[in-house]
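First the structure, which I've put down as structure tokens, then a few questions once you've had a look.
Going by the order they are written in, the chains are A, B, C and D; count residues from 1 in each one.
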Amino acid sequence: MKKIISAKEAANMIKDGSSIMVGGFLSCGTPDKIIDEIVRQNISNLTMICNDTSTLGNDRGKLIENKQIKKVIASHIGTNPETGRQMNAGEIEVDLVPMGTLIEKIRAKGSGLGGFLTPTGVGTVIEDGKETMIVDGKKYIFEKPLGADFALIYGTKVDKYGNVCFHGTTRNHNTIMATAAETVIVQAEKLVDCLDPDEVVIPGLFIDYIVVGGDN
Amino acid sequence: MKKIISAKEAANMIKDGSSIMVGGFLSCGTPDKIIDEIVRQNISNLTMICNDTSTLGNDRGKLIENKQIKKVIASHIGTNPETGRQMNAGEIEVDLVPMGTLIEKIRAKGSGLGGFLTPTGVGTVIEDGKETMIVDGKKYIFEKPLGADFALIYGTKVDKYGNVCFHGTTRNHNTIMATAAETVIVQAEKLVDCLDPDEVVIPGLFIDYIVVGGDN
Amino acid sequence: MAVIMQELSKEDIRKIIAKRAALEFKDGDVVTLGIGLPTAVADYVPEGINVIFQSENGLLGVGKSQKGDKIDKNIINAGGGFVEAKTGSSFYDSQMAFTMMRGGHIDATVLGALQVDEKGNLASWLIPGKFVPGMGGSMDLVVGAKKVIVVMEHISKGQIKIVKKCNLPLTACREVNLIITERCVFKVNDNGLVMTDINPMFTIDDIKCSVEADFIVSSNLRAMSI
Amino acid sequence: MAVIMQELSKEDIRKIIAKRAALEFKDGDVVTLGIGLPTAVADYVPEGINVIFQSENGLLGVGKSQKGDKIDKNIINAGGGFVEAKTGSSFYDSQMAFTMMRGGHIDATVLGALQVDEKGNLASWLIPGKFVPGMGGSMDLVVGAKKVIVVMEHISKGQIKIVKKCNLPLTACREVNLIITERCVFKVNDNGLVMTDINPMFTIDDIKCSVEADFIVSSNLRAMSI
């Protein structure tokens, strides 16, 4: 049985300077209740790993607007103009990583791999400062694993054993982020007793705490 | 809509000398009907990539006993004494690969990666002849992608669009093998009109042909 | 040329390009569309051709935009719009999305560009100091898709976009296979660009004046449908 | 020593080892058991300790062996036996199994050995020319699990198994944390082996004669329950 905590208790665990991975593709499948509580507690100096910085006024976007983020590692920041503004003003550090490379770096961390070779970004600025290798005549970039102190993820249905399943396009980075952080907290849209083992997408062993988010 | 074919038609596509990936962990979740047809047609000189060579008289084990396999790439051959006998007699080439490395090599192929670094096998014979790298003070072995001409996989329920879902421990290597072969044929325990998109484990785009296996 | 430009409204341009791009699809193709103009291509798929649209955020089988009470807030496309999940569709996570995209399982992608050059290099994600959205999934998609189709206005704000050599940061090297604008279509070969289609409103000289890259004209030059 | 050996039946040996190994688990641990003797450990988990058993073939929450009409032929463990999927369990594919195992998500693994040496090197998968089963998932498991517990008969067919340096092909280097036999328990430290438990039927000298490796004896040496 996993510990069920409030969004406030979840945020309490996160300290100034922590690194957090936050699931979500724009506002879809993102743990907004936990984010709201991080905003309320004004935990700052955070490194945030996420697909995108969402939009103004919404979920991960709030952390940017409230200047709680020191560094963001993401594949896209164009939907939130405030991220670009802070970047140009030198207020925030932004690492842009191709989306497939970002998820694969996180997966490498969660899967105990030391890195991988990807063709993505060869011949572009992504290659700068990285090792490259030729395998069977094709050039690849070597990319390293990426983990975090906390993964804050979303799940459609979560059971008391920490098993998670999803509806629609809410899976996005949530599934893999659950494997790559010291502490993993899932915001469950719905908490159920027990999922059918065939429908589980994230096995319970990856989950440390459950926040019941209600429908959002 | 995917093409539905007979086991015989599936086997017809495979030629002497083809490389085949075959899903299954022992006799669980393996496309036995298609294998039986390959045995019947005596297609030989095959390279077989699989978790294990099953047991005497069963599924992949039959291909070994019938001497249709030139080379097997597997993580375990101990449950089928005939594989070991042929190996010691020089009748078959056996590449033993740690299970996690085997599935990751197949995944690398299916995901367009040029290889990956794994800590598995460091300091053992697995390291022989391979490149190693130190990343953040830890030693890793560089492993390359592995694909095949055909992937023969099992699915519990398959819909007309090629979407596959599973019951129990039948997923094993099936899911990833579906991404890493030129032609992918799934043996469906049950063919249905349309799966719920939330329950799909292998999205239809990976599947080329469906063989309706019936319950086995 | 200014005169001609006035004759083609934004709507015309969009339609000419989208219609032409849609002709590239074969029945059963799995196609990933970029955001903006590329999205319009879905409306012009010829009858009898069934194309399955893939989205990097986790949906194979993207259908129509949804409004009102048809919306399921948990089903979006990569642009954040609410969409239908068509019959036969599937949902998946980002790792699976990029196995599809980088792994060579997408038959064709249609996406926009800031610049394309005669080697098939593509710049689409960054104007240093001005426009920094990030590359999203485009870099993976372009290296992985079997066919990369760039669709864009021939000239944007007076700037030539089909250049000899991209000077904006690249999205990928030598991956573009086809360039479609409202004025013409270029195929990218190992030796450079071949113009295969021309909008009959333009002459070959018009194209030469509006393209920096060298190109040759196909002996089977076709007229684009406008 | 031959006399003593007769006093411990195979069943006794199995029980002493399994009982001791089960004491290593904490409530909530996720544990992967090898095939054979390690499987017996599941029967001795102390009351009040809930352990979740993971299997590389795709089941988290392995329960009891199933017989007769309770069998679901599509639910097996890594040894091919039919098992129960306990309440709260989940099924997954091989990639996920090894994310768990190699990725550091398994709290402890218990597995057998041919040889273990004083550096914690393990040989368990190959006797060249004689026994070639393959490593299966053991190499990944041993590098990835947080705690690696080797359980084995102290001596097998007259062969010493706890050696100075393994001469059989290794499964992994320096990954073993604990060695449990029916005679004693060794903790593997950076400096070598420390005997922490002894079966009261044996003396320290008995152990010294039956182990090739050097070891020190813990000042808190405990008696094993037999």
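In this section, a residue touches a chain if its C-beta (ideal position, glycine included) is under 8 Å from a C-beta of that chain, and two chains touch if they have at least 3 such contacts.
Everything numeric here is computed off the predicted structure, so don't read it as measured data.
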Co-neighbours of chain D and chain B - touch as defined: A
Each chain counted as touching chain A and chain B at once: C, D
More contacts between chains, A-D or A-C: A-C
Chain at maximum distance from chain A, centres defined as averaged CA atoms: D
Distance from the mean Cα position of chain C to that of chain A, given in whole angstrom: 29
Chain B and chain C: spacing of chain centres that average the CA atoms, whole Å: 36
Intercentroid distance (Cα basis), chain D paired with chain C, Å: 57
Multi-chain contact sites of chain C, meaning residues that touch two or more partners: 59, 85, 91-92, 98, 102, 143-144
Chain A, residues touching no fewer than two other chains: 104, 107, 111-113, 118-119, 166-168, 198
Contact graph of the chains (line, ring, star, complete, other): other
Those chain pairs that satisfy the touch definition: A-B, A-C, A-D, B-C, B-D
Contact set on chain A toward chain B in their complex: 104, 108, 111-119, 133, 135-136, 138, 140, 144, 165-168, 198-199
Residue ranges of chain D touching chain B (in the complex, touch as defined): 55-59, 72-76, 78, 80, 85, 91-95, 97-98, 101-102, 121, 129, 132-140, 143-144, 169-174
Footprint of chain D on chain A - complex, ascending: 107, 109-113, 159-161, 163, 179, 194-195, 197-198, 200, 203-206
Chain D-touching residues of chain B, taken from the complex the two chains share: 25-29, 51-52, 55, 74-79, 84, 87-88, 94, 96, 98-101, 103-104, 107, 118-126, 156, 166-176, 201
Interfacial residue positions of chain D with respect to chain A in the complex: 30, 52, 54, 59-61, 85, 87-92, 96, 98-100, 102-105, 143-144
